[in-house]
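Quick heads-up: structures coming right below.
In what comes next, subunit A is part of two complexes: it sits with subunit B in the first one and with subunit C in the second one.
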Partner chain A sequence: MRKIILNAAAVLGVLAIVYWATDLYDAALRDPRFFDGWILAVGMAAQLLFHMRRNLPALQIGQASTWLRTHIYTGYFVIGAFAFHTKFSLPDAPFEWVLWGLFALVAISGVVGAFLSWSIPAQLVPDAEQITFERIPALRHSLAEEVETLVTQSLQHPGSRAISEVYINTLSSFFGRARNVPAHLRGSQRPLQAMCVEIDDLERYLEPPGKDTLRQIKDRVVAKDRLDFHYAHLGLLQAWLFVHIPATYCLVALTLIHILVVYAFSSGVP
Partner chain B sequence: MRFPLGFRKLALSRWFKAAKGSSAEKAEPAWLCGHSQTGRACRIGPSGRGACQATFECTPSKTKGVWRCRRPSSHGGPCQEGPDQQGNCCRAIPRCKPIRTLRAKRAFVSKWAALSVAGLLALGLAFSDNMASLMPGPITTAHGSVEACSSCHSNLAEGQFGWLHAAFSAADPRKDSSACLSCHSIGKAALNPHGVEVERLKAYTRRLEATPASGSKTAAAHVRDGLFPLEGAFADGIYCATCHQEHRGKSFDLTTISNARCQSCHTVQFDSFSANHPSFESYPFRRRTRINFDHGGHFDKHFPDIVSKKTKAAAVPKACADCHMTEGVKGHMTVKPFAEVCSSCHLGQIVGAERATGPKGVALLALPGLDIETLKQKKAEIGEWPEEAEGEVTPLMNILIGWDAERRALLKNVGELDLLDLTEATDKQIKLVEKLVWEIKHLIYAFITARKSDVFKRLGSSSADPIDADLVAALTANIPRDVLMSAQAEWLPNLLGEIDKSRFEAWIGSPGAVPAASLLQKGQTGSQALASGLAKDKKPDLAQLARNAPLGSWRVDPFGRLIKGNIPRELDDDADEEEEPANALIPAGAADAENWAATGGWYRQDYAILYRPTGHADQFLHTWLELIAQRLRKTGNGLAATAFQQLTDKDAQGQCTKCHSVDAADGSDRVINWRPSSYEMRESIFTAFNHEPHFGVIGKKGCLACHDLSNAKGYLESYKALDPYRFISNFKLVEKRTCASCHSGKQVRDDCLLCHKYHPFGVGTPITATKLPVK
Partner chain C sequence: MPRDLVDRILSQPVFSDVAPGDFPSDLSLHDIIANDSRVLDLASGDIVFRQGTYGTSLFVVLEGDVCGLTTAAGEKAARRYERPNRKPSAFGWLRPQPAERSATGLRLKKPAKITSRFPTARHERNSIFGEVAALTRSPRSNTIFADCDGTQVLEIRWPGVRDLRHWSDAFRRRIDEAYRRDALDEALRQCALFDQVDPDVLKMIRSCAELTSYGSFGWTHGFQTAVSRQTDADGAIDREPAIVRQNDYLDDVLVIGAGFARLSEKLHAGDRTVGYLTPGDVYGLDCVAADASNTRRRSARHSLYGMGYVDVIRIPVAVVDAHLLPAIDDVGQISSLTPSVADLPSRMLDFMVDSRLVNGTRAMAINMDRCVNCDDCVRACAATHDEIPRFKRHGPVHNRLMIAHACMHCIDPVCLIDCPTEAIHRDPVSGTVVIQDASCIGCGTCAAACPYDNIQMEAVRNSEGAFLIDEDGAHIQRATKCDFCAGRSGGPACQRACPHDALIRVDIKSAENLSDWLKHTH
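Up next, the complex of A and B:
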């Protein structure tokens, strides 16, 4: 927490210096929009370095966590610089509105992403690092195969037919794909409890081998539920990037055009 | 050096490969094997473009003539079946539909989104009529009619994408400013700071540098000057766009400028008005008031006297607003017109009603008294001259006669003589008197016979500065010719015969006058000939007419009448008929000439033609005073100075300068202050105080809240000197703390622009050049 406060204070301090310097630049009869505009552009370019670092292996300098932290705090600085550049006011022209909207989209998605990146990992199981979003389908498939195997084996025991019925009616579709995503995002365990109750209700009709099989199936149901939880949250961690990154690309494109326009229509005054 | 595209791609891919090989982290592939969803991704994986490349689980190798399975251990290691005899793997990988990774999906979406946005923008620009969509904001309403961007942005090239060219070429701010100045006129020094000439700026700077500043330059100002120095940055001028930044909305105030910006150039810098703004120096009275009005004298003496005597008591003002008013929208305080506030007490002094001694009118022409007897003894050729004349050469005659250096010397030398006692005068002095007499006679003759403009034309300093008709009309107050002629008939009845044509031509400076005889046609009277000659803008030489006309002893007098002239009285048939004196027809007890002209105008008294002021702002007096002051400035001659002194004396007729002060800031130029201070003539051009907003907050003390009366004596005495900047005011100075008591920035504005103006002379807009729809 102390580190967060220090970092936030550093960002605020740099912003204050930029604001003051912009004020001095303005007082020196220069156009401050060029000054804070270039500071904003440099800040945005610095943000792009994070993106390049992730995509260009040659730039694998420093730890990823350090880069991410720097990216987040630089982002807060860029938001402040943007506020200075726009004079804390809404735009009043079409092109400016598009720029402003894109920046707002990038900034808000970035802030949301930063919050998700901070809050979600704490909710995941300790070994969640091993469970990547891309591996989840394979893990889910593995669990589904195990359950299918258990159900197939249970058919050899008389009195275990109920297990196969449950599998056909409920479990096969449960293991077929990610389930109860909204409930997981809400933190609700009611779907799991309902399924566990259904499985537990079945137990009284089974013989000991069937009960053993049912217990193993229940373990996998719980595991699948945890997998769905991860899927929901890791998916969320991926989903916001679908807003943040495309909006960033658009913003960069329009920012370049904006800079061209600014210099094209500049009066040449210092 | 330009490389082929293929080479660059190759180089790039090699670099990536090298990077991948050296990196601890491998880049995530864009595509995954479709079997990865079931945990059985093949070892080959999809291609970079997402195509399934599945063949076999391994590529067998032949060792010592035997084919061996080389399936990697990560995929189960060598299989039991092994390759067939031809070396083919027996396990074909089922083909899959590769899956794009999330990162690849994001990259795909991102690239297309960026391209789409840029493309849409390009399309929008290509098909739009103007560049309005690129504007950072609407322009102000005042500039709303400007449609073409290039009207202001001189750097823009032609065409829909001409702005792209402009982005890579250096803009010329001077050109952009020229575009502004094509509509907004700020004078020749428009791009100088404040649009003021360099010399004037230097003078202001010197004054500011001498101002004792209560604060020193702030630390921020030091940093600013260090980081962003002004020196050199604005060597070519301060351009319009430096302060006036457009595209900030229809209602944006383009004239706003921050305090910090104002101070960036100034020698004296401070934090705020209430804290460190230099104390006021001689504010608001940097000079004495133009109208000499002694508030103290009126409050303490004149007004109480009037009230106690109960004469004109109603005219005594009760409040400041009875005499003062604000001037239009500028909020500048001025005084009400003379007719409203001064006339009831002071009009009589102007028209002479209250004058106890001396003439009440100003003498235009007068015959000075001469020692005729001595002049005759010394055989001075002065022609006829009335022995009864006892006046002096008037100031106005001095100006009219002394139009060149020679005549001024003559007037000066004769002025040193006692013309009524020339017994001790030398022959040379007698000659001078003789010359003066003829100058006077020529002047009177010219007034009668020539056009007034010819009489006055020599007073113009040059052809570029002529005496125009309006000025002549004012200088003569349109004196009727009859007044002059009746005076001439009485004073110098033979003047027309005395004046020699050629001498008069030389005197008046109009050679080639039309011979009088040629003006007379058969059956035409002299009057008709005169009228005819004037109508044709010719100059009838009436003297010639008188002498040479084929009329025998008859001549045409200036009235246009045919009269007998130059005929010895004893030979004249009508000589026995004594002419009646001019006043013979005026009944006894009638008003004398001076009182007859009580409401102003021309009258004749003794041997002088006088003008009595018609009232306040009399044009005759005003014009003569201005003319003499002007001549005083231009020639610096003592004659004009004497005339000016006589006409501005406290006992002078009209008493104009009793109230209208005379300035001579540099000791020579005389400026008569005909009007009270106004917004346009304020000297403190950078400061503008608007009185009106303050009327509601000055409480019971009213005007005295700021303008407290001073007890200092000597207000009137200070007007005797000509320097307007050395004076004693009726009021105490306004102190900064008086203003700062409200203008502290908390509730009431205290920014620079509240009291100071950047463009002190305003910004003019040229009038429309619409031509009349004349067919």
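Up next, the complex of A and C:
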């Protein structure tokens, strides 16, 4: 915690210095947007270095965790520098709106991503039996197969037909793909409870072998629900990157155009 | 090795009762000596091995004498006198190659000075040495060097030692006898407590001490199955031999010579693990010292169970009272040598001890509270190892801690035992366990022996990326595992690549590091 406060204070300190220096630049009757614009551009370029470090693991320059921390705090600094550069106001031209929107998208997705990376792993721990995002389809498939086998076997007992009905109406689609993702993200247990109630209600119509099969099916429903929980959260952990990274590259491209345009139409004296 | 040299070696007294008829026709005694041994021609001061280095060879003195340093002061002094034993010369290529010299390439500059100033143990002609490190895969406990010019030493590499022990009862008895003699000395030497004890007193203590072994060298067989079936810590303890039971009267103070022992205490109806002991740790001395005046009250505070194979040196309490305690100036030191209750939560200790993860010196620990499943660690490993990652990012989990399936570079690397070519070996200096690709024949013995499932067999590809196939049409395989990024600067790539500080390589013995890290990263 102490470290976080110190780092946050350092970011605020540097921002204050930049603000003061921009003021000085302005007082010298120069256009401060060149000054804070270049500071913003350098900050953004520094942010790209983190992507390079991640994508070139063989180079092994420094500890990746130090890079990530620097990336996050530089990100906060860049947000501040952007606010100075835009004079805390909204843009007034379509191109600038696009730039502004992309910057907001990159910044918000970055902040959200940092929050998700901090909060989601701890939520996964209680029932994390090494469920990785890539393994989920295979695990789901094997659960679905187990349930199908149980249902097929139950057909041999005439008193267990109700199981096949519930399988056709509810279970087959439940095991077919990831379900209830929004509910899992909200932390809601209601879909699972509803399904368990439906299964429990069925029990009274079954004979002992059918009851036993139903119990086994219920265990698999709970296991599948847990897979869905992981699917939702692990998916979210990856999804934010699909917003953050493409938006970053678009922003970089448009920023370069912005700089070229600014210099092309400037009077030549910054 | 030429035939006449092999005949000369086999005519030595040390092989006198080894009958060639005991060996199978496709692995004759003659072949073992010819293929798995070499003769070192040593000049005075040439170092055979140094303290702290790793090696699984066993040595027999054929001619002359060798000396072993027996004190820490002697070892320290010897370091100052070490020099390379052959200076590289610009015209070296003109001269014929000399016979094999010391395995280390080092020589003590003034051996006579060392032997006159510091106590040494002498190994004369026909004596065996180095067997303790070979059998227990532990570091060499002292430096051994030639005492005179013309010394000849036979070095038998591990595969040879293993085969000789396997086929010849006489040779096995001889090595085991040497082991029982030297293991006792080495255990006492390893234990810092005896550093301040006068050599004569130490000799006396040694003469009264006794070496007892628990468990078997082959503890790994069936270990994985046992761990997977085990549901609670008591199940694991029940299978372990009891060395001391809590509240029993203490007859001896114990020093762990080799292996591990679990320290536990009674809690309600069960046993709770409170720590574990490794070589050089002492058990019971704190009780004896605390109740020095009241000999009746000396009972064991904890139970001690052997984990796998353990060598224990028993020093009778009467000897401790009469000779050891008076020799220790600073009795306060005793508590620091007696392992304190480990710093990890009890259930985590159970987890570490039951799964024998305490064997790891560079285990891969992942904090599941921080791991975002990004696989940057796996990618970094692959990027530094021909695109094939050397570990699996899953493994046993306790609470929020996962010990991933990556080679732990164990204190006791049992994967080394049966490798037919010594392809898997310990780096003599760093102690990491590495596989030499060129010598690996892909038999899979090491992968089957690793109790932690940390070695994988990979199909070998050629430079175009196509799989290599043998004459039967099967893929040619090779063992692969984490090499701790040997030879690469900057340390292990996996740890450096984790952006969330979720992964470290850790020596499980320094449990404080692990618990500090878990607290710090939480």
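One rule holds for everything that comes next: the second predicted complex is superposed on the first by the 232 of 270 C-alpha atoms of A that agree within 3 Å, B and C clash if a C-alpha of one lies under 4 Å from a C-alpha of the other, contacts with A are read in each partner's own complex, and residues count from 1 in each chain.
Here, a contact is a pair of C-beta atoms (placed from the backbone, for glycine too) under 8 Å apart; a residue touches a chain by one contact, two chains touch by 3 or more.
Just so we're clear, the structure is a prediction, and the values are computed from it rather than from any experiment.
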First (subunit B), second (subunit C), both or neither touched by A:Pro121: second
Partner chain(s) touched by A:Ile257 [first = subunit B, second = subunit C, both, neither]: first
Partner chain(s) touched by A:Pro91 [first = subunit B, second = subunit C, both, neither]: first
Partner contacting more residues of subunit A (subunit B vs subunit C): B
Which superposed partner A:Phe133 touches (first subunit B, second subunit C, both, neither): both
Which of subunit B and subunit C A:Leu24 touches, first, second, both or neither: first
Which of subunit B and subunit C A:Pro57 touches, first, second, both or neither: both
Touching partner for A:Ser65 - first (subunit B), second (subunit C), both, neither: second
Which of subunit B and subunit C A:Leu237 touches, first, second, both or neither: second
Set intersection of subunit A contacts, subunit C complex versus subunit B complex: 57-58, 60, 133
Parts of subunit B lying in touch with subunit A, wherever the complex brings them together: 15-16, 19-20, 23-27, 32, 36-39, 101-102, 105-107, 109-111, 113-115, 117-118, 121, 132-138, 149, 153, 155-156, 163-168, 170-173, 176-177, 220-221, 223-225, 227-230, 233-234, 238-239, 241-243, 245, 247-249, 258, 260-261, 263-265
In the complex, subunit A residues that touch subunit C: 54, 57-58, 60, 62-65, 67-68, 117, 120-122, 124-125, 128-130, 132-133, 234, 237
Contact set on subunit C toward subunit A in their complex: 368-374, 376, 379-380, 383-384, 393-395, 397, 400, 402, 488, 490, 493, 496-502
Residue numbers on subunit A that touch subunit B, as the complex places them: 20-21, 23-31, 55-58, 60, 91-96, 98, 133-134, 137-139, 141-142, 238, 241-242, 245-250, 252-254, 257, 260-261, 263-270
